[in-house]
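Both of the next two complexes hold chain A, though its partner changes from chain B to chain C.
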Partner chain A sequence: MNYGPLVFLAAFAALAASWFGFVLTPHLQIGHLQQTNTVPSGVSYPVARSGLAQQGLQVYRANGCAYCHSQQVAQTGTLFDLVLTNPGTNQASTVAAIQSINPRLSQPEVLEIIGKVPVHLLTMVSKSTAEAAAKTVNATGANAVPWIVPIGPDIQRGWGSRRTVAEDFLFDYPVLPGSQRIGPDLSNVGVRQPDPGWHLRHLYAPASVVPGSTMPPYPFLFEKKKVGRVPSPSALPLSGIATVEDGYEVIPKPEALALAEYLVSLQAYAPLFNAPLSVALGKPTSPTETNSISISGGDKAPSDISMP
Partner chain B sequence: MSSGMRATGTRDTVVAEPKASRAPVPVWLFFLLFVLLFWAMYEFDRRGGWFHSQVYTPYRSLAELQRYQPATGGISLERGKVVYETVCALCHNTDGSGKPNQAPPLSGADWVVGSPDRLIRIPLAGLTGPIEVKGQTWNLAMPAMGAALSDDDLAAVLTYMRSAWGNQAEAITPDQVAAVRAALAGRMQPYTAAELQAIP
Partner chain C sequence: MSSKSAFQTATGDSLPADISCRWPLFVLLSGAVFWLLAGSILTLIGTIKFHAPDFLAEPAWLTYGRVRPAGLNAMIYGFCLPSALGLTLWLLARLGRTTLAGAIPVVFGGLLWHLGVGAGVVGVLSGDATGFEHLEFPSYAVAMIAASYLVLGVAGVLTFRQRAERGLFVTQWFLLAAIFWFPWIYSTATILTSVYPVRGMAQAVVGWWFSANLILVWFGLVGLGIVFYLLPRLLDRELESHYLAMFVFWMLILFGTWTGIPKTAPVPAWIPMMSKVTTVLAGLALLGAALILHRTLGADYRLLSTDPSLMFAGFAVASFVIAGFMGIAEVLSGASSMLHLSWYATARSWLQLYGFFAMALFAGIYYVWPQLTGRPFPLPRLVRLHFWLAASGVMLAVIPLAVGGIVQDGNHANPEMAFVDVAKGTLTFLRISSIGDVLTLAGHFLLALNVLLAIGAFCWDRVRIALRTATIELQEQGVNS
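What follows is the complex of A and B.
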């Protein structure tokens, strides 16, 4: 019996099925994505990166940054905080209502916190608990709003305030979400480190700004040259283990400037319909700790990176 | 046709081609197939979001996602910034520093961080005549820029002014704006500084 047509059909079906699964379905699902609006403020999101940052994406790609850094924050669940935004005028009953929903607060404590709204009355509770508590407080004429708080290990590490969604990469080509996490996630590195100068020093000598960093240095993105009559204004202010001998200075090449600009532009924290969260009133919208958390040993690794 | 048949017959006798014999498929394979199918359907239902482009992992369906949207009606600084930059920033500058001969500064101005009742009246009815802001006297006219804004938007933008550029004053709620708007009851004349001073 001739099995040729059967083998052909089987191979065709296998390839067709994977084409449907890996090409057609994603295209139907997210191929039509457009710029959207943040919720509830209605600000356009995302905004295209600046030209320099778009060049930086190509430097990021060329140097294989995505082999060690991901750009995707995962979210495992959503909890709620209850935030008092207006204590109302009926102080006595508001205090009683707040104490009934959070018995750990004493009366003087409640009186103190309702004087400085917005204040968190409950943290990390379920949706139903927050809504029931909001009802109790609002019945006294005060105004308390349940706030959406995305949770998950990545968010706990300070890598983002919500999960990453397809819109975050809308204007990027190619999309480099990465899969390895030898270094920290970079979805929001522009929020943690908004200074391009920091990124330049970090690229030149990572361990000089993050002690114990295991990231390799990228000295070829910089030019080390003799100081002319006047020191260059764009020379890196180096210190610690990264200093160069007297009479020399380190100037970032255009690639380094582009990459730093791209890293600063990595800010994916806007509240969206498909990734809802409540933006804190009068507080920074995202984690702002100075040092990104390294999951690869961090302080255990010796700072043995030799400088050029 | 006949020559082809002969050729096949000849090859059969010369080379023994391997053949697939007919054997029954084991029952456990069907069983495994159904277990896998059931597991796949369960996972699809749990995480698939029915292939909706807006539904991501912690949320299981569009309906669930819609229940998790932030409560509206509250004051949003982000919204206030947008309103400020479209309505107010042309004269008062994006950083609230004002512009010479156009508008006085808002950052650090007592009129902004002081009494809410005075502040709300300025955008609702306008302001005219001499006014002292941060030790400097201005004599200009501000139209009722806020009269066309909704209570929510006006409260958001005033709250933004009171918390941006180093200003630190309590938020203004949409209810406060609505109360002042009702009290003005269609007043057409802009306020003067002296009139505002009379309001607590």
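What follows is the complex of A and C.
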């Protein structure tokens, strides 16, 4: 009996299955994503990058920055902070309740912090702990809410406050999530380094800005020329190990300006329904330091898009 | 037991299949060897930048982010694919006891292919890369490669259809599936990432799907297809067994085709999850391949040293298995492990691409070439030397990178350690691995030398024969008049 055609058909079906599963379905699912709203403030997300930043993305692509830089922040789980948003009117019992959930606080400390709502009562605890503590505090008429804190090595490193999601790349072409971390993840480099001037100096001579940097320099994105009658206002302020001969200045080419604009536009931290997070006030601490209290930043109004 | 070494059998007459494949394979393979050299030189330039970031920093076209993809694509599209296709055509003709269909179109197809690769490499160096890994060639290069594939693929199918031997050997299944699967994945990926790009991260999913299907499935099908042909030939015994080989075939196309989506991919969670499960299941293919080698050799691994092609083939199967298990370890590593974004992943894919596939291709080239020309390679000793350079080069490149990646991942998980220190912690490993790159490059020169001399000798033979016939004719005319 000749099994040939049967084997052929079965192999065809197996290959086709993978195509339907990993090409068609993701396309139907992701390709139809729309702009979404941040949670809870309901701002539209993402907004398309500016024209200059889009040109910068092309410079990033052409020069293969993605062979050293990923743009995918990983999240390994979530923990919770307990935040007091309203101390209520029954101060004495609120103070007692707060002390019962966080015995390390003395009475004067508690009195001091409840005057500065919103303030963290617990940081980095499990969901059940946060919810139980919230119940205790809220029984006194005060209002404390658990806040979501994404965790993981990338987040602890300060590379982002939540995981990267498909929405972050909605308007990019091509998407460059990268596959290597010879350099740091750049999903949120625009938050860490909001100054385009910093990026220009760094691109021209990385080691002059970050001592010991192993990133290759990009001198070809700049033009070295003789200083004219008046020095160019766009010349790079060079210092340290990156200097040019007297009488010369370094002017960023349009590609460099676009690239810097793109880097500054890399800010993927808006809290979304599928990647929730509440405010992180202050730099996230490591999960081992649970139950410590954070009073820093307690005077700032919470906004759902603040970053470490 | 007689070991039918390529050097012993190939001294005499070539079969019709060999004669029909001669020029098509000369074109495909010698172009491939050229890109092998070019690719490894470009890759080496990239690696040197880790020793000295300022090295060749000024010319834009030699920046790391261009030479690295240019080198890798030269390796994949310049060396791996044309050699694989050339060997596929030869195997289909040989196993079908027929001749190559459309030999002349294939010669031109091969030329077009290599021109396309040239356009692609220049395109990437000049900043035209698409940004999708393993798909970097710009559309003008892809168009040439696709047109050429049409010729080569059709020639393969026609050769298969005109076969005189109706019984099928497992290798034919592997190769036939590969002939169909490549245009499918390549056109899908090109169309959906470059021609009518899908939205956002869907582009990246298509790209990852393509990469896994090319490097695990396609390379797996062709590489193992070649090895499963060579083992019984060179050992002069049956493949143990055909059923096991078909099992490997099914595991590859059932599960291997669903792999490749990294676990941190910013996409709906079911996609990386699915990919993780199938990566583990595809492990069955690895076990199958290991078992076939072991049983066909009858557990006597010393037999491998009887022929250089066997040495290459044995190394290839071992790499296939180890790289596969490295991949399984990668997907099963803990949630906070980022091995897939570290040097470990580079080591794994290099082991699959070079340790497995390129080595299987070397096995095939060293076996097939002498049959085409009807004489052994001019410098047979260099073949063994090439093996040792390649084998030690792969190990010197892969082991330090894998260990370096694990160290890197451990350091990354410690937020107290500054990033620059994490990066510096990998430098020693990187530097050792560049020694491996140099060794493999040296091996490529040996292969190129043999190929060059072999073509030279072949052409010289033709000329001599032509001259001799001409002289005889002249003498006869002289006698007659």
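As a convention for this text, the second predicted complex is superposed on the first by the 269 of 308 C-alpha atoms of A that agree within 3 Å, B and C clash if a C-alpha of one lies under 4 Å from a C-alpha of the other, contacts with A are read in each partner's own complex, and residues count from 1 in each chain.
Here is the rule we go by: a residue touches a chain if its C-beta (ideal position, glycine included) is under 8 Å from a C-beta of that chain, and two chains touch if they have at least 3 such contacts.
Keep in mind the model is a prediction, meaning the values are calculated, not measured.
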Contacts of A:S213 with chain B and chain C, given as first, second, both or neither: second
Dominant toucher of chain A (residue count), chain B or chain C: C
Chain B versus chain C as contact partner of A:V43, first or second or both or neither: first
Partner chain(s) touched by A:V165 [first = chain B, second = chain C, both, neither]: both
First, second, both or neither for A:I30, with chain B first and chain C second: both
Which superposed partner A:P276 touches (first chain B, second chain C, both, neither): first
Which of chain B and chain C A:G51 touches, first, second, both or neither: neither
Which of chain B and chain C A:T76 touches, first, second, both or neither: both
First, second, both or neither for A:A14, with chain B first and chain C second: second
Overlapping contact positions on chain A, where the chain C interface meets the chain B interface: 29-30, 32-33, 74, 76-77, 152, 163, 165-166
List of chain C residues in touch with chain A within their complex: 49-50, 53-54, 57-60, 63-66, 68-69, 127-133, 168, 173, 176-177, 180-181, 184, 188, 192-193, 197-206, 209, 213, 249-250, 253-254, 257-258, 261-268, 271, 274, 335-336, 338, 340-343, 345-346, 408, 412-413, 415, 419-420, 423-424, 426-427
Chain C partner contacts - residues on chain A that touch it in the complex: 4, 7-8, 11-12, 14-15, 17-19, 21-23, 26-27, 29-33, 61-68, 70, 72-74, 76-77, 152-154, 156-158, 163-184, 206-207, 210-220, 286
Residues of chain B touching chain A in the complex: 51-59, 65, 67-72, 74-79, 82, 163, 170-171, 173, 175
Residue ranges of chain A in contact with chain B within the complex: 25, 28-30, 32-33, 38-43, 74-78, 85-86, 117-118, 127, 143, 145-148, 150, 152, 163, 165-166, 271, 273-279, 281-282
